[in-house]
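Here it is: the structure, laid out below.
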Amino acid sequence: MKNMKKFLSLCLAGAMVLSMAACGSSADNGEKEGSNKDAAGESGGNKQKIVISCGLADDSQTAVRQIYLDEPLKEAFPDVDIEFKMYNDRQSLQVEVAGGGGPDILSLDGPTDVAEFAKSDRVLPMDSYAEQYGWKDLFYDWAYDSCFYDGKLYSLPTSFEGMVLYYNEDVFKDHEWEVPETLEDLEKLMAEIKEAGIIPLSFGNANYQGAVDWLYSTFTSCYAGPDSIKAVMTGEGKFTDPAIKDSLQMMVDWWEKGYIGDNSSQAVTQEDMIAFFAEGRAAMMINGTWATSQLGTIYPDCNWNSIIMPAKEGEDAIFPLATGGGYAINANTENADLAAEVLNFLFTDYDNHYASIVDANYQPYPLKTFDMEKIKGVDEKVYEQYELLMDAQVDNRIGFCSWTFYPSEMRVYMNENTDAVFLGELSLDEYLEKAQTYVDEAIADGSVPILP
Amino acid sequence: MNPNKKRKIVPYLFIVPAFLLHACIVTVPALSTLVMSLFDWNGMNQAAFIGLQNFKEIFTEDKIVRLSVIHNIEWLLIFITVPLILGFVVAILVSQLRRSQMFFRTVYFVPYVISAAVAGKIWTAYMNPYYGLNQVFAKLGFENLSKVLWLGNPKIALAAVAFVDNWHWWGFIMVLFLGALQQVDPTLYEAARVDGANRFQELIHVSIPGIRQTIAFVLIMTVMWSFLTFDYVYIMTNGGPANATEIMATYIYKNAFVKYRAGYANALCVIQSGICILLYFFQKYVSKKGGLEDD
Amino acid sequence: MTKTMNKGFLYYLLAAIRMIFLVLMLLFAAVPLLQVFINSFRSDREVKIMPIGLPKDWALNNWPETWEIGGYAQAYLNSLLTAAVVIVVVLTLVGLGAYALSKLEFKGKNFFMAYFFVAISLPTFLYIVPDYFVMNKLGLVDTRWSLMIIYSATQLPFNMLLLRTFLSGIPRELEEAAKIDGCSELQCFLRVTLPIAKPMFLTIGILVFVHVWNEFLWANTFITTESLKPVATKYVVFTGQYGSNMARIYTASVITIAPVILLYLAFSRRFIEGMTSGSVKG
């Protein structure tokens, strides 16, 4: 098989060289430009280069990053050229990595995502670095443990986050609505909000269908309970069990009643989802803790607040938790040791990290040493949100978000098909059964994530 | 070199550069990937040979493939009728104008030069249920119309996207037809008139036969492009809601880049190209039989 | 007497219906675009309340803001440079190739014809990864070169077929006459065919420009350095970053499409003459 691939790539290379020659001879397309480029490449000298991928950011976000990441890195590594490169979609990053290139440090969506790269040996196992730098003691165990695939560490968790219920205080005040304390309160309230011509829960996934994972992760965690999910992942339970089914049935019912997304979530974009909430067209939304940053920068006038999804009367409220992403080292890199050193610096540059949380609403790394005192200066409501998060961790009231704790293929399936369940084109039973088959597969081949 | 030999080589010198460039950048890499359709491959790892497993799954298990092919066929049916008829009718009408003809055809063609990214985004905004044209309908008193979720309702989403692609596309067809109509020998019309033909008969017996080659060209292109189309669906709905606008190309994209199933995506590509090439020859055959084409 | 009057009346009625229909189609093509232009002068709030309408207060800030944030000056340059090179390469290769396909007799001509037809049906996703792989090996990824080469190659088949049918319309006698005067095929092509076919080359040049300017999938994958990104990718990135500010998105839309529209309008007469000078055949 190996020979086959080699042969193919040789063929390709040969073909391309031929085509270059054809190009060069048949058309004189600006030789000057090419030589300029070379010169620029050489003037860089022998300085080593580390490229770190990052998501799409607008100018103000980039400016913030300059202060808290680019500059400190430059200071710490004066001899290295460190650059952040924006990727606005997965496909370009993936094509690059598959094509033998790509950034040295990959910022990926989380363990389920990293697993696909690890499966293909596209990212390096980092166990030796972990030992060298003592990473095991750096991170929360649940976050650190989630980064293992096939017994090896392949990424480091970049942030910890969770799903909360946001509400628009102005809208609540105008209508004299009370913040719900139990699930029963919430359901009653949503009926009232709907009655008043306002969308109870803003939701839209037109430009990113996978956003449904926020919903099903929240409903299964909060209303089926973390133990049911844990049982599924260990093989003791099934995803089709009544507890899980009931929780998702509730999600579907809410959607059908127009509570979630006003029956038109498939036609509303993610940006509109936030806009509707901030502009008061919707009263609440189920969104991640990361949304505080968008709310803070784009809608500074919006008076929002957040709570954990209210639990059923007499039960504990559960905080669905996840790591926000993972840094992995590209197997194509020439400077793996240096990349590890850069990563270690990023996670231990505490002062800048705390400052970035306070000043720019950055998401905190899941560090054991995380100190609430240090972020006292942050927006009050953001601070309260962190308190909720910390308390939930201490009391072990944590739920599981799919992008950290579900098998990759199960998540892909659920992300693609939840809309079909909402729209009545797929029955909930069929959906759950199919999802369960992916759990079975993952358990069989040992790729099922370990839940804390 | 003797001149006769040189004569024989010259045509190749003319055509081979283009052929080589295209073959090296497109065909050879494409063929190399075609082989990958026989592998279990996530796009990055060592591929494992699995024979025809991927094709078996496509034909027996995967319901979405069938769904996307059906959507492609629906797309084809829309594009082989609406823009062609519209383009043809408008071309006939515009060709009768004198002074204003240039103005009309210039404006009709403008949407064609606009990128799918922009046109898709603009129309997505116009079709937004909260701040799109629905607000206009509501103001004008069309209650029902103002509640339609153009891109959110699985029953009409595909038609809505096709509508936008048509908006951009029909002007191009119109200009092609108009060009062809003006090539038709005017003496044929005169002859028809002498024979006492009315306008409609002229159309059937002179205009349509006169532009039959253009019709054949447009048909071939429409048929093939209908199965390759990607831009508008990708930008406006990305296959959603609930796979209601999933077409071959978007499904291939998802398999290759979202589901990490590059081998499977390549198998789908084989089917897509296969359908296109089959349709090309079928269309060629029908055109020849139907007299749309010479030789 | 009455008969002619009736005919006259009917004639005018039909002409009026025809005109109404044509004007409606005109509005259908133009109004969505005019509205985009108008919306670029309205505030975000206003646009969201009512997408169609004239500005109540002229919001002039959209333009400088969007231009500045989007980095469009550099993007324009990138797109223009890429398009210029691609146009030269495509016109050269397609000109020679189409000349051979339409004017010369040689073995394998049918093969080449069929090749370029079938080539159109190869889906992009079949060759994007291997192309990236090899380009990366050659160090061309993230340079304008990569796009120039790829666009040149992908633009060949369709334009080849288009130009071939154009050229078929030119009587062969003209070139034969030149050949008797001692011209080689290349000289024939350059001195006889090219001058006659100029409008067709212009038409194809514009079509190539439009495609290069509008392409975003390849550019998105191959170019990651901000300062090298062409206009269409900038636009896609911009809509991702500022997705909720509709006024800015409308403005960015105008910035993105204005050059193609202006170019097209400037050349429209000759462009359409080119399109119509040889009817397209399959």
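Which chain is which? They are A, B and C, in the order written, and residues in each are numbered from 1.
Heads up, the rule we're going with is that a residue touches a chain if its C-beta (ideal position, glycine included) is under 8 Å from a C-beta of that chain, and two chains touch if they have at least 3 such contacts.
This one's a predicted model, so the numbers in the text were calculated from it and none came from an experiment.
The chains in contact with subunit A and with subunit C alike are B. When you average the Cα atoms of each chain and compare centres, the chain farthest from subunit B turns out to be A. Chains B-C form the pair joined by the most contacting C-beta pairs.
Mean C-alpha positions place subunit A and subunit C at a centre distance of 38 Å. Separating the centre of subunit A from that of subunit B, both taken as means of CA atoms, is a distance of 36 Å. One simple way to say how far apart two chains are is to compare their mean CA positions; for subunit B and subunit C this gives 16 Å. Counting partner chains per residue, subunit B shows two or more touched chains at residues 17, 21, 24-25, 29, 32, 43, 130, 253, 256, 262. Multi-chain contact residues of subunit C (touching two or more other chains) are listed as 93, 129-131, 134, 149, 152-153, 236. Among the residues of subunit A, those touching two or more other chains are numbered 12, 15-16, 19, 23, 26, 91, 95, 98, 207, 272. Residues 8, 10-15, 17-19, 21-22, 24-27, 29-30, 32-34, 43, 86, 90, 93-94, 96-97, 102, 104-118, 121-123, 125-126, 130-133, 135-136, 139, 167, 171, 175-176, 178-180, 182-183, 211, 213-214, 216-221, 224, 227-228, 230, 249, 252-253, 256, 262, 265-266, 269, 272-273, 276-277, 280, 284, 287, 292-293 of subunit B are the ones that touch subunit C when the two sit in their complex. Interface residues of subunit A, counted against subunit B in their complex, comprise 1-2, 5, 8, 11-12, 15-16, 18-19, 22-23, 25-26, 90-91, 94-95, 97-98, 116-117, 119-122, 205-207, 209, 263-268, 272, 276, 281, 408-409, 412, 416-417, 419-420, 422-423, 425-426. In the complex of the two chains, the subunit C residues touching subunit A come out as 69, 81, 85, 88-89, 92-93, 128-138, 141, 143-145, 148-149, 152-153, 220-221, 224-226, 236-237, 240-244. On the side of subunit B, the complex with subunit A involves touching residues 17, 20-21, 23-25, 28-29, 32, 35, 42-49, 124, 127-130, 149-154, 237-243, 253-254, 256-260, 262. Across the complex, subunit C is touched by residues 9, 12-13, 15-16, 19-20, 23, 26-27, 29-30, 33-34, 37, 56-59, 85-89, 91-92, 95-96, 98-101, 207, 269-272, 274-275, 298 of subunit A.
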